[in-house]
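Okay, handing you the structure first.
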Amino acid sequence: MTVSLATTTPLKSVRELPTGDSVQGFYLLTKIETRPKKSGEPFLIVELQDHSGKIEGKMWDNFSEALESLKPGDPVFVDARLDHYQKLPSLVLTSLRKATEIEVPDRRSFLPHSSLPATQANERLVRVIETINEPHLRALLDAIFDDLSFRRRFLETPGGKAWHHATVGGLVEHTLSMVTLADAICGHYPQLHRDLLICGTLLHDIGKVQELTVEPALDYTSEGRLLGHIAQGVLLVESKIRELDEFPGELRKQLLHIILSHQGEPTMGSPVKPMTLEALALHYLDELDSRVSAFEQIRARTPERQEFSDYQRLMDRFFYFRSPDEPDTGEE
Amino acid sequence: MTVSLATTTPLKSVRELPTGDSVQGFYLLTKIETRPKKSGEPFLIVELQDHSGKIEGKMWDNFSEALESLKPGDPVFVDARLDHYQKLPSLVLTSLRKATEIEVPDRRSFLPHSSLPATQANERLVRVIETINEPHLRALLDAIFDDLSFRRRFLETPGGKAWHHATVGGLVEHTLSMVTLADAICGHYPQLHRDLLICGTLLHDIGKVQELTVEPALDYTSEGRLLGHIAQGVLLVESKIRELDEFPGELRKQLLHIILSHQGEPTMGSPVKPMTLEALALHYLDELDSRVSAFEQIRARTPERQEFSDYQRLMDRFFYFRSPDEPDTGEE
Amino acid sequence: MTVSLATTTPLKSVRELPTGDSVQGFYLLTKIETRPKKSGEPFLIVELQDHSGKIEGKMWDNFSEALESLKPGDPVFVDARLDHYQKLPSLVLTSLRKATEIEVPDRRSFLPHSSLPATQANERLVRVIETINEPHLRALLDAIFDDLSFRRRFLETPGGKAWHHATVGGLVEHTLSMVTLADAICGHYPQLHRDLLICGTLLHDIGKVQELTVEPALDYTSEGRLLGHIAQGVLLVESKIRELDEFPGELRKQLLHIILSHQGEPTMGSPVKPMTLEALALHYLDELDSRVSAFEQIRARTPERQEFSDYQRLMDRFFYFRSPDEPDTGEE
Amino acid sequence: MTVSLATTTPLKSVRELPTGDSVQGFYLLTKIETRPKKSGEPFLIVELQDHSGKIEGKMWDNFSEALESLKPGDPVFVDARLDHYQKLPSLVLTSLRKATEIEVPDRRSFLPHSSLPATQANERLVRVIETINEPHLRALLDAIFDDLSFRRRFLETPGGKAWHHATVGGLVEHTLSMVTLADAICGHYPQLHRDLLICGTLLHDIGKVQELTVEPALDYTSEGRLLGHIAQGVLLVESKIRELDEFPGELRKQLLHIILSHQGEPTMGSPVKPMTLEALALHYLDELDSRVSAFEQIRARTPERQEFSDYQRLMDRFFYFRSPDEPDTGEE
Amino acid sequence: MTVSLATTTPLKSVRELPTGDSVQGFYLLTKIETRPKKSGEPFLIVELQDHSGKIEGKMWDNFSEALESLKPGDPVFVDARLDHYQKLPSLVLTSLRKATEIEVPDRRSFLPHSSLPATQANERLVRVIETINEPHLRALLDAIFDDLSFRRRFLETPGGKAWHHATVGGLVEHTLSMVTLADAICGHYPQLHRDLLICGTLLHDIGKVQELTVEPALDYTSEGRLLGHIAQGVLLVESKIRELDEFPGELRKQLLHIILSHQGEPTMGSPVKPMTLEALALHYLDELDSRVSAFEQIRARTPERQEFSDYQRLMDRFFYFRSPDEPDTGEE
Amino acid sequence: MTVSLATTTPLKSVRELPTGDSVQGFYLLTKIETRPKKSGEPFLIVELQDHSGKIEGKMWDNFSEALESLKPGDPVFVDARLDHYQKLPSLVLTSLRKATEIEVPDRRSFLPHSSLPATQANERLVRVIETINEPHLRALLDAIFDDLSFRRRFLETPGGKAWHHATVGGLVEHTLSMVTLADAICGHYPQLHRDLLICGTLLHDIGKVQELTVEPALDYTSEGRLLGHIAQGVLLVESKIRELDEFPGELRKQLLHIILSHQGEPTMGSPVKPMTLEALALHYLDELDSRVSAFEQIRARTPERQEFSDYQRLMDRFFYFRSPDEPDTGEE
């Protein structure tokens, strides 16, 4: 059987193979260095990654060409067999070479992806935009998302670097989740201007398309660090508004205000605080959805029998994972 | 026609009567003092209040008995006619006396009331409790709300002293509004434990029944100041839990945690931060609903042609009231 | 002699006239209301303002037409004589009427003005721009300031509402003062990119042209409150950059970064902190120049024999005004 | 000689034995893992602990059964001899096995203990309670401490996890130390209500009995993390008050207030600030006694010739240990 | 009977005289201004103060000479009779003139005084100094307090401007109160260096002698504002140390450290935090004693039937004054 | 050729020698320890430092005497040859011994030095002092800097421990840089008292002479930690002022105020905030010059192709190093 990217075993499955099984496939090289063997000779240590996880690999001999030609961030082809050391799986490599562009056309395949598939996200995005009745907001959304190259990037942008929705497609997943919440509260608080709130939701994090990159790895762009996604967002939206005919001044002011204020506080990066009802509401929905995502992401990383997460510096607390229905532990 | 409390014209309507109209009825006296007339003689100045608003009154003569016998907080009967000075309406009193207990059996009639009538609030409360399937939570809610005297007080407690839902019945209005939101997000985040979240919502502010009073005016009780509604709430819920058979330890821990952490931060009065998913979610719904209520309360107090509210110290911002659909003001 | 706006005595001089002197001229009406005379009859109290100060006025009779037709913000013609009550000067008016548009073509004449005349500021601005050698920055500055209507507004915008440079023309005065400082430190730190630093200085507060207004009084525009001058500034500069050919990406990024970060801290309104040398330097020059201006403005308001200013809430301190060369007060 | 827990040499003494001395006894295993020998073969590394300190141990051969059957937290029997490597003592083990429940009935023996023996603490506690004259406070203390199982746990609870009084018995040591201070200041400030202050002192940290555990190691219970010792404390005291006849409302309110406010500030975990004289006083005595304890604990951990402690993050400072009477170091 | 300062009735007693009683005596004039009578004529309003309180006075006629010659801060002689208006006592003056230096040699007589008489404070100070055994500390204290003019000023300096011990003699009262506390805890914590702690206590606020003045009123000196009592304190102590022979370096370092760090935190004015045991202990005793004093001072100002004090901004709380032994108010 | 300290090759150059080159010379030993060879035998690992950088060294045999006799901080003589392991240079030592006091009279030679030579700094210092016209300030500066031993220490004191100007001579370099800035702004703001500002600049960090030491390494003295350079500075200046005749009180007050307030905020170590114009100006110049120095120091430590520095905790940001003139990276 010929190995292709499509038939490569995900690393999550690789880690569960029995000792000695052979593994062939394409992965992302994320670390490469040498260490001394007990004999004093060097051996090669690498780290491999794909969308499903990571694994360590060792190569005992004949690695000088690989060491010369490869660097972290390179897609590689690997021929190896699974080994275990102190119960931890690792790969013993017999072959390691750079993959060609034909073999791996897109390194994004190796990043974790949102559970919401891009095509489905796209469809829901289209449908949401169609519900906007206010003609100027509708025209603005069309102007932004009808740019297919932009839309494709929007669909793959992460929601954040590390904290929440930190996956390819995380941004649109977060955005659509907030749209559902926004629709629910519009029913509850009829004084909310639904079209403005939904439009604001779709655009509140639009600057992240420029703030974050997934190439060569999920990180900030230098423009992202120097300007921040809030300023990038209003610059992008304003430039589209200027291309439209007669976008109403009041609507523009309130839409830009929503984007500028959505983090809620200056210390969180918003130069102004929410002053309109829609800006206030959007801010709390953003908090809610990003915290729920962060909670689940941390729960997924925490070993199952652990009641509490490790300490989470960003929220200055532990998270607690026991179900309210579980029996008491009898702890006093 | 005999005047009774029921037939008394609300002050909001009184303020819109034409100059010279006569006014008779029962109000709450909130201020009483004398000032010198131009002639040097004193005259009486009073402030009257009912659930709909306030008005100033003056009495030029024969007020010595009233001045002797009345004090702020007394319900009074008033015979007067409407006057205007620099366009502001006021009452010129010809008679002012204390109302009897038969005429005004309950001073609460003079306080602002939630727009949600108590009977309707009560029905919705009953229905919500019936949706709780988890038997221990259901038993706990029954134990708390089946105490009719407690339930009556719960139905009239304000949501706060000045900031949001500061009306008779404000607490239950706020609570039920959050229940609707909580139900909506349970659909969206299926991992939430709905019964715990709804039960937590119903009980999160339960300590306010003891923290706040509406007699003789909306204010903190001394126990409310010394303990705070969060501690009062957990003490109340815990005492009911102890009366129940075999309330599960894990459920108790998580329910008390929700009440303790619902303000979100120590600086807001919560000794612990939300660590469970339900506690996190409830906190943001509480923020959302209380801010929306505060926004509307401030909007109602702001003169209509004013774009911005006065500066709001508690939220360190102005609020903005123009509709997104209004035409631009042409301001640069 | 016919009285015109040009020959009207400034209020600062009026206040120093002897009792009984007659005063005729044009001023801005800033307050108008009635109070009861000792006889019980109402009299009129007004406040008048011009660029040099304020004075109170009273009108004992025949003011009903004035009271009907005038409101705060109207320019008025006044015929009066100076009076003193408990050593404070005030005007006793015999005539008060609205001034015509011919008599007072521009209410800005009544606001305090920067000590730097607009024509001189304009000349210095032109000369500074001519020193910029980097062609794209030069083209950008030309594109912005060659718009004569924009430049005229730039020349009259205040530097702030109340704190520093709160005068007509305060913004350009502050901007040019910082240019001088920036030039001085470029000599001292040769690693600074002079053209970027000077261009950043000219543009750092450019958003204040839209954030503040002097009509009808020095205040924030509603767009100013909702977006803030930092966001307004980058939107304005970006829109001009987009009109230019091939503005280099790196230069744009660093220029926008300077504008976004110039307040130094998120709590001061900057969504990003200064990360480049030019952004760092500009921030400290801005602090220095605005504090020196604030200090002098407060010194000017403080009675001469007072050693300390009143408490300054914004800087949480008193200012001290004695010269280091003055003899000791002998105070312990 | 048969080795028992009682005759086991404390590790503090073991560390001072000469190289080669043989060591046999019972300790707590706190770490167990393998490392490669120079030959490439693995050897075993363990960490052992008892109440007096820690030591590292190595086992070169025949450790596979130990590695299989033991985990951190197990009490073990050890046969070894003392070795030194770069002046640091360590044990070379020849035998390592799990201790039986008969050999080590209680792992608490391996934890550091307060210098105040439990029996002595108990006697002093009894005597303090006897000095309380106010009958309701006396009845409450009796109700709490006459529960012998509770009292035993109170006597062994630590004062904190890491910071101060972090020993078995640390809570009662801290409590009794504060009682002495409280008695001293009652003499100085006669307006203090002595019985309330002493009772508040005895109960202020009572929730730590439930917040902290010493099994399997000194740590927070999950209830401790979710509720905190302040809420746990008021719940415990309130439940005892409800069992008593006619506990006066005012006294209850003030006692609960003391417990709730004793940390002084919301950011320190107190939902309300001290508002009564007794609450204020108790807070400062608590600060004083816990800081003195922390200072001494850090002093004990700091090598003798070091003038300053390492940086103490929790108090954001270094501590300084030289005696004021020592001669100057001639520095500077 | 001739009226002298000594025989002047204290204002606290004056306020309780019956209407119409005549009052003659010497007081401090703290306010003087005119208001219009109902007839339009002006009358004089003054405020008088002595050590025991304040009272308002009115003078209906013949006050032009008084108005010309008097200013706030002047000691005056008053001839008046007591009146009541709306139950508030005030004086109706028939005569008002400046007091001579012979009549009122020292305006300090009109300020509130510590309840600890200066002679008694002086004796206790002497006795405390005698208990210091460490010869250098003893010599330092002698050098400072043997300067009689300095000691006299020390004995009359207030403990603060408004917050605690804000009376003539408040500093020494606070200092000696802390000495008693310090002695008590030296018994409890024998590791404390008693002589250093007592000496530090006597000197910790010594800079207040220069920071505060009671002439013409209790206020900061300009040096006090510019340097602060902490810097003034170390400058004073250091200058005395330099005059002594061979003051040991270690002792000097630790003593100056105590003075510099006694406020505990930079935000409270201490440039370094307490790092020695004596500095830590002194800081908490200072907090305790100043808060107890503030509590009592506020209690004294609060009307007796009020349960809570007014809101205290400096401590961000209310104080509660009911005795724990009072019966419950029946409030829920 | 005989090797002396003067002819020793700087380590920065040593690191660029070809493999195998022999190296002989004097360096500072900063680390010394053993590690096991592959054979199990120990070998010696050392770290050497001089003013230009660091290098690692290994010694395979015959190092027992060196290991016995040497400790970190010792100056050593080294005979070695350069080796490379994984491209990193290191030294293989054949000889290692302690240098004599004659060979290395001053370990400061091994510390990084300011790029401003001490003699040049001294000359500029002299010239600046000569420009002071105010006779008392001039006399004070003379009194301080004419003490040659003090001046020598001033010239070698670092500007800080780690953050900015952390080199021998860093303090005077920073001081003179600020003098240049101060002179520039005195031209711009003529209301500044130039002599006071320059004198304040020369003395603002004078306490660092006592706060920091370069022996045995750049660190705080214990007096520096306990008192801080701000208190040490005012103590030093005050003691010199006391030695002068008739130093004017006002000048002293304002000079000491400048030193006390120059850090700007209590949280930065200043017990009072700048209240005079000179104190304000000096504070911002200090911020500017120290941040520019820190920026350059971090830039020097950052690998050249890295756009951003590592995260800088002290300023809570990254620094960005690309030139504004560089072509865009094409990054989105």
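In order of appearance the chains are A, B, C, D, E and F, and numbering begins at 1 in each one.
What we mean here is this: a residue touches a chain if its C-beta (ideal position, glycine included) is under 8 Å from a C-beta of that chain, and two chains touch if they have at least 3 such contacts.
From a predicted model like this one, the values you see are computed outputs, not experimental measurements.
Novice: Out of curiosity, which chains are bumping into both chain A and chain F?
Specialist: C, D
Novice: Walk from chain D over to chain F along touching chains and report the minimum step count.
Specialist: Tracing touching chains, the least step count from chain D to chain F comes to 1.
Novice: Among the chains, which has its CA centre at the largest distance from chain C's?
Specialist: Greatest centre separation from chain C goes to chain D.
Novice: Considering only mean CA positions as chain centres, point out the chain farthest from chain E.
Specialist: A
Novice: Whole-Å distance, chain B centre to chain E centre, using C-alpha means?
Specialist: Centre separation, chain B to chain E: 44 Å.
Novice: Measuring from the mean C-alpha position of chain E to the mean C-alpha position of chain F, what distance in angstrom results?
Specialist: Measuring from centre to centre gives 47 Å for this pair.
Novice: Distance-wise, how many Å sit between the C-alpha centres of chain B and chain F, to the nearest whole number?
Specialist: Each chain reduced to its C-alpha mean, chain B and chain F end up 63 Å apart.
Novice: Two or more other chains touching the same residue: where does that happen in chain F?
Specialist: Correct list: 38, 222-223, 225-226, 254, 257, 275-276, 308, 318, 320, 322, 329.
Novice: Given which chains touch which, is the overall layout a line, a ring, a star, complete, or other?
Specialist: other
Novice: Return all touching chain pairs.
Specialist: A-B, A-C, A-D, A-F, B-C, B-D, B-E, C-E, C-F, D-E, D-F, E-F
Novice: In the complex of these two chains, what residues of chain D are touching chain E?
Specialist: 134, 177, 180-181, 184-185, 187-189, 191, 193, 196, 248-251, 254-255, 257, 273-278, 280-281, 284-285, 287-288, 291-292, 295-296, 308, 315-320, 322-330
Novice: Hey, which residues of chain D end up touching chain B in the complex?
Specialist: Per the stated touch rule, the residues are 222-223, 225-228, 230-231, 234-235, 238-239, 242, 253-254, 256-257, 260, 266-272, 275-276.
Novice: Could you list, by residue number, the parts of chain A that touch chain D in their complex?
Specialist: Those residues of chain A that touch chain D are 38-39, 86, 307-308, 318, 320, 322, 329, 331-332.
Novice: Name, in rising order, each residue of chain A that touches chain F in their complex.
Specialist: Where chain A meets chain F, its residues are 34, 36, 38-40, 153, 209-210, 213, 221-223, 225-226.
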